[in-house]
Structures are given as structure tokens and as C-alpha cells.
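The structures come next, written out as C-alpha cells.
What follows is a pair of complexes built around chain A, which joins chain B in one and chain C in the other.
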Partner chain A sequence: MSDLYSLTPYVVLAVSALASTIAVYLAVTEKDLIKAVLYSAIQSTFYALIFYLLVVPDIVLVYIPVAVGLLPAILIIAVKKTEKYEDVGGVPRSTSIIVLLSVTVFTLIAGYLLVVSHAITFDVFPSPDARLLAKWFLATTLWWNRLFSSMSPEAVTAIVWDYRGLDTYFETSVMYLAIIGALAIARYLDIPRKEYREDVMGMSIIGKMSAKIIVPMIIIVAISIALHGHLTPGGGFQGGVTGAVTVSLLIFIFSVYFATRFFKINIAILLRIIGLAGIILSATIVAIIGFLIGQPAYIFQNQPKIIAQIGLPYEIGGNLISGTLLLFNTSEFLAVFMGFAILFLLLSIPEENVLEVIKGEVE
Partner chain B sequence: MIDLRTYLFTVTYIAILVNTVIALYGIFVRPNILKKIIALSIFGDCTFVYAIIIGFRKAEPYPEIPIMITQQPSQEYIEHFVAKAVDPVPPALVLTGVVIGLAVMLFLIFLSIQTYRLFGTLDIRKIVKMRG
Partner chain C sequence: MNLLNPVLTIIGYVLVGIGAFCQVVAGIGMNRFPNFFVRLHAATICTIGGSFVPIIGCSLIALSIEELGVTRFFLAGAGFVTAVFLLILAPVGSHLLAKAAYFSKAAVLHPKAVDLLEEDVERGEIRE
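And now, the complex of A and B:
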């Protein structure tokens, strides 16, 4: 009986992986693009289950809003604005067979290299041992010796914002540049000023009423995920994408004119800049303190190190705050939430207003 | 004698490999740009699953999450934690990868909608033949 108990997660893992293969096949071969988007959302659901069974709750929290909520919603808006069906006539059969063969060979080589890089044989495929680096991170994430620890029980957030903080800083700048690119494409566009009318716009009264109940709850959950990021699964990224779901709900269920009562593009840009400035400030706050009191300090320093003996307190009145991790999570929550709010609002501008502006620009 | 858990885990791994093949095929062969973007997002997700699989380990009865459940860990608890918890580095990489992937994907969708506004089609074969 206990054998069966320990086998169950692996069975569910294999079954959801095979089911996701069916969903991927249907998503790629479907000609109706709306259906293809829905099949890819089904694939994402199975992948979320796989992530859960591979015991990474942080990824589950960030993956469900992104891949099941936000990306299908945006893709459906895009399909509604463009072509609904895909024309696949005229692709020669020989071309597709050659592409399929070369892609298969590439994937097999990549998969073999992955197994080799894991330095294991198929005999003990999930290796019972972890890498030395992983053991070091796990052992020191909350340790009695502050000089080697980040004083946070959450190893993933500790790596994201303390051990490997500079990586995350530059990845945030990639997101910053992507949003700047979208803003540059939509530089002359603005949401038309129109009054929201309850009786003609949006979905039925049932959808509106349940949205009115759910939206504040989602925002509270998002803030809770972000602020407890150094203690429990979650953090700024997870809270930000969870909060961005509310903007898409408001646009889909009410209308974009209702959403602009709460989220205006210029205010969203301002709040995002505040979030990014908060990230820079949290990265340099220990260095600034060190400069002021004349002691050596690093950027992205959280706890005291051997040759830089200053750092932020890791607890206030008995509550663990893990130094800069709380500041980073709060700022990143603001930056991610408002960044995706901007993109959603820009995408939901009605097409006839856009075409007028573009026509004027081309001529 | 091969362990049944290893067999099931290998089935998972091979299923994700098949997903990668189908997604890459979709990127290269399907003509519609939005269909290419859907296939690209599936390909990215497969890559994330690979990264997580590298960090997975076999522990009895099942591995633990890489998060301590106490705020004052004893030496025994830390040893138990290091012996049981999965690798926390791949989740940290994938975490930012998912969010940045979404932002880049939205930028691509913006570009394809703009392409449709200017050219009137999303078929890559027709767009290549057009001028200006």
C-alpha cells in the first residue's frame, strides 16, 4: 500500500505529460486560431500540474496567471483584431517532412545532452543527489551565521534577489525594454474618451456581479503573495502577474472605458517608474549607508559580509523581514503589475481609432 | 531491475521531448504569425520544464519544497532539509524567465497586430512577397 502511495505522484506526472502532448498536437494542427489558443491554455494547465508535482510552488504561482490567464486572453484579443482562420494551403508535403525530420534530430541531440549534463544514467533518472551549489544555497538560506546567509527561509526568493540579484536586475531591464517597445509602437494612440454605460457594454449582470466580488479578492491575494515573498512561496513577480489578471478581467467583463476609471495609462507609467526606482534604491541602499558612515559596502548587499560589516536588519520586533528582500519584492510587484496593466490597456484600444491614427501617420 | 518511478519519470521526459518537436515544427511550417507565436510559447514552456527536471531529485517518500517551514532551524532540521529539498536554482531562473517571456511575447503580439494593420494579412508567405 505504501508503495502505491509513493508511486501516485509519478503516475500523475506521466499521465499529465502525455495529456499535454495531445493538447500540443491539437494546438499546432488546429486551423481555427481561437480553438488553437484554447488548446494551448489546456496544455498550460497540464504543465502547471507538472510543475506542482516537480515540487516548485514558486513556478506554479507565476505560471498559472501567466500561461493560463494572461497569454490566452491577449492572444484572443489579437485573433479578434486580425484573421480568425489560418490558411495552410500550399505548404509542400516534402518541406514539412524535411522540417519534421531535422527538428526531431535536433531535439534528440538536445535531450541527450541534457541527460548527460545532469551526469546521471537512465538507471537512476531522478538522481537522489543534488549539486554542490544547490546544497550550499539550501544550507545557508537561513543560518545562524549572518555573514554567509541571506536570512530568509525561502531559498528561491533568496537566490532571485540576494545570491543572484544582479541577474534579476538585468532581466527586469529586459521587461522594461519590451514595454518601452510596445509604448513606442503605440506612441500616438490614446484610449478614446467615452462614457461607460452599464446597459449596453460588457457581459451580462451575472458576470459583472461576480467580477465585482472577485476583483478585490484577487488584488488582496496578489499583495499578500508579494509581501510574504521572503517567507512563503511567492514574491514580486508572482504577485505582479496575479494582480495583472484583474486588469484583464475588468477589460473583458466590463469594458476598457470602465477599466480606465481605475487604471490610467499615464498613472500606470508613473507607478511603474516608482517601482523601478524602488528596485534601484533597494539595490544600492546598503552601499549608500556605507558611503554615508564611511565603511566599505557592495551593491546588492543584504546582510553583513566579512569585509563589509554593515547590512540591513533581518528582523523588526521579532518579525522576519530578511533585509532588502521585502523592499525588492514590493518594488517588483509594483513594476510588474503596472507594466502589464499598460500593455493590456494599449491592446484594448478599439481598432477603428487606431486605423484613423495610422492612416494619418502614413500619409 | 528498473525502478517503476524511474520508468514513469522517463515517460514524462520523453513526452516533453515530443512536445518540443511538435512546437518547433509549428514554428517553422505553419504560415500564420499568431500560430507561430502560440507554438513559440509552447516551446518556451517545454524549455522551462527541462530546467525544472534538472533540479528534481529522488527522495523518500517524496522530495520537499525548497522552503524552510521554521524560522529558527536547528542543525538537524538543516541537514534534513539539505537531504530532501529540490534544487532551488532552476526555479529561480525559470521564475524570471516566465515573466520576461510573457513581456517579450506581448511585444511580439503588438508587432504582429501592427503588421496586420499595415499589410492586411498575417500570412508570412504573402508578407515576404510584398514591398514597402
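And now, the complex of A and C:
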């Protein structure tokens, strides 16, 4: 019976892999594009199940809203704005058979490799030892022995910016590259200069008044989320996103001409660069200190380790700052806040101005 | 403080109960009200009566549990701040929704008893 129980994830894995294959085939051959999008959403659902069975819940949490919700929504909007049916007369029969065969073969090979790896190591799904390791890490993020700890009671921040700091650095750089891309596309665009007029622009006076009350409160909450990132749930990214809500509130409730009084694109870019420089400085500060005093040290090092005996202080005057974690959170807050502010400001440029610039470039 | 704790607990539970009642009432209203504007009223019952009041109740309950130590003040403070945010923002949100739906004529105003705003707009006192 216990053998059967341990086989269950494999059976579910195989069934969902097969079902996703069928969904892919239907999505490729379907002529009604809306239905094709729905088939691809079904395929994404099965993939989410597979990811869940392979014990990567964080990827499932991102995958379900993006691949099942956001992507089909965008595709359906795009289909509605263009044409609903493929006018090429559908996919030829031979092509569809080739697609189906190749996907089936790929799935079978992947499943075979999975079974083989299981037969060799019996360890495709994480073994109980991994859970023990995780428990040990969770228990020691704030510990008496600095050599094995990051001195922060908030385990998520400790893991994200200390234990796997390089990983997080590349994750965040994806977002910064996206903002650089947006800036590159909009390089000739600028928000038109126009005077903000209280009586004509924006929403009603009730909305404006409550926005005036709520915007400073949101900024204070955002700063507290960011600066307490090493103590309580939260952190730089979360605080930055919360702060960026204020920019969109100013744009929607007042006007973009009012928002540009406080957030100018160039100043936002400058502050974002300062934030990025802060991230790089916090990543290398221990290594720089080690280089200056002639001791071995690593990048993304926070507390002293056994073979690199230097590190930042984890408290100042009795207040826990967790070494580099506070620096990371502060700079990440600045960079994310200003990055989203840039995006919102760019998105709120009126369409006529954009068309004018594009026309000028074409001619 | 010890004497005050049972009082806080009872008030907190009463507020949470009021919140649950308001949620049910708002759900019934959402289903049975005839048009958008009246349903917006049900949504506001849900946010103020069903969210603001029980959050205050939860904060009071958290204040009354002494086993939590100092943490209970953090919990209660966060609860009060959230409640104040809701109290300010929920009416503003429904006001802006109603205004946008009215002036864009997206919502049909079918069973109409009286429409003072329409009369004001006709007389030219209110600009769209």
C-alpha cells in the first residue's frame, strides 16, 4: 500500500503531462483563436500542477497568475483587436501530425529520463533531509553564533539577500533591464509641458482631498515596510511597490501634469541609479573592506564566516540592523520606487504626442 | 489592565459578529438589488460594516490577550492603521465609481425613483 502511495505523484505527473500535450495539440490545430488561447491556458494549468508536484511552490505561485491569468487575458485582448479566425485555412494535416508526434516524443523522453533518474537516486522529489536542512536554516537566521547566521529574525529577507544574494541580484536585474527597455523605447518621448488646472483636470474634489490625506500615509507605510524589512515581513521591493502606488494615485486622481511637479522622469532615473549603485555597494562593501585591510572576504558577504573573518556589525547601539540587509533594503526601495514611477509616468504620456514622435521618426 | 481585558474581548467579539452580519447582508443585497448604484451601496456595507468594524474588533481582541506580550500592541496598531485606511478610502472609491458610471452612462438607471443630480445638471449647476 505504501508503494502505491509513493507512486501517486508519478501517476498524476504522467497524466498531467499527457493532458498538457493534448492541450498543446488542440491549441496548435484550433482555428478559433480565442479557443486556442483557452487551450494554452489549460496547458499552463497542467504545467502548474507539474511544478507543484516537483515541489517548487514559489514558481507555481508566480506561474498561475501569469501563465493562466495574465497571458491569456493579454492574448485575448490582442485577438479581439485583430481577427478572431486564422485566415490561412488552418494548419495542414501533415504539419499537425509532425507537431503532435514531436511533442509526444519529447514528453515520453522527459518522462523516461525522470523515471531513470528516480531509479538511480530515488530522489527526484526532495527527500525528507531537505526539510531538515530548511528547518535548520529557519532556526538559525538569528542565532548566538554569528559564523552560521545572518543575524536577522526575518527568514525570508535573510535567505533572499544573504544566503542566496547573487540569485536575487540577477532576479532583480531582470526588472531593471525591463525598465531600461521601456526607457529606450520612449527615448524621444517626454511628458508635454502643460499647466495643471485644479478646476478642469482630474476627478472630483472628494477624491482629490482624500488623495491628499492618503498619499503621505502611503509613503510613510512604504518606508516603514522597507526599513523594517530585516525585522518583519516585507522588504525593499515590497516597500518600493507600495510607494509607487502614490505615483499612480497622483496620475489618476489629479493629472500627469500634477504628478510631474513631484516626480520628474530625469530625477527619477537619477535616484534609481543611486539605488542601483547602493545595491552594488552593499553587495561588495565587505569585499572592499577585506581588500583594504588585507583579509579574505566574499561578495554578498554579510556576517563573518569561518574562512573570512570580517563582516558588518549586526547592531548599532542595541538596534538590530543585520549588517548589509538594511543597506540592501534601503537601496532596493529607492530603485524599485523610482523604477515604477518612471514606468507609470511613461505610460501616462498622451497618445497624440507618442504618434507625433513616431511619425517624425518614420519621415 | 486585567479588569479591562474581558471588556475588550467582549467588545471585540461583538464587533466581529456585527461584521459577519454585515457581510451576509451585503451578499444578499449584491444578489437582489436591481441596478449598479444600489448594488454599490451593498458593496459599501461590505467594506465598512464587514471589514472596518471587524478589523477594529480584532485589534481590541489582540490588545486583550496578554500572553502575546509587547507584540499585541504591534498587532493592534497595524489593525487600527488598516481600519483608518479603509474608512477613508472605501467611501472615496465607491463615490468615484458611482460618479464615473453615472457620467459615462455605463450603468443603466432603470428603476429610478428620483435623480436629483440629473436635475442639477439640467439646470447647469453641476459640470460633468
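Keep in mind that, in the parts below, the second predicted complex is superposed on the first by the 233 of 363 C-alpha atoms of A that agree within 3 Å, B and C clash if a C-alpha of one lies under 4 Å from a C-alpha of the other, contacts with A are read in each partner's own complex, and residues count from 1 in each chain.
Definition applied: a contact is a pair of C-beta atoms (placed from the backbone, for glycine too) under 8 Å apart; a residue touches a chain by one contact, two chains touch by 3 or more.
Treat the numbers as computed from the prediction; the structure is a model and nothing was measured.
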Partner contacting more residues of chain A (chain B vs chain C): B
Per the contact definition in the header, classify A:Ile288: touching chain B only (first), chain C only (second), both, or neither. neither
After superposition on the shared chain, which partner residues are touched by A:Val354: those of chain B (first), chain C (second), both, or neither? first
For A:Phe237, decide between first (touching chain B), second (touching chain C), both and neither. first
Examine A:Ile267 and indicate which partner it touches, taking first as chain B and second as chain C; both and neither are also allowed. neither
Just chain B (first), just chain C (second), both, or neither: which does A:Ile316 touch? neither
A:Leu147 contacts which: chain B (first), chain C (second), both, neither? neither
Go through the superposed model and pick first if A:Ser204 touches only chain B, second if only chain C, both, or neither. second
For A:Ile214, using the defined touch cut-off, is the partner it touches chain B, chain C, both, or neither? Pick first, second, both or neither. second
Can you name the residues of chain A that touch chain C in the complex? 203-204, 206-207, 210, 213-214, 217, 221
Along chain B, where are the residues that touch chain A in the complex? 2-6, 8-13, 15-26, 28-32, 34-35, 37-39, 41-42, 45, 48-50, 52-71, 73, 78, 81-82, 85-92, 94-107, 109-114, 116-118, 121-123, 125
Where on chain C is chain A touching in the complex? 81, 85, 88-89, 92, 95-96, 99
Which positions of chain A touch chain B when the two form their complex? 2, 5-7, 9-11, 13-14, 17-18, 20-21, 24-25, 27-28, 33, 36-37, 40, 43-44, 47, 50-51, 54-59, 62-63, 66-67, 70-71, 74-75, 78-79, 81-83, 86-88, 90-91, 95-96, 99-100, 103-104, 106-108, 110-111, 114, 117-118, 122-131, 133-135, 137-139, 141-143, 153-156, 158-160, 164, 167-168, 171-172, 174-175, 178-179, 181-182, 185-186, 232-233, 235, 237-238, 240-241, 320, 336, 339-340, 343, 346-347, 354-355, 358, 362
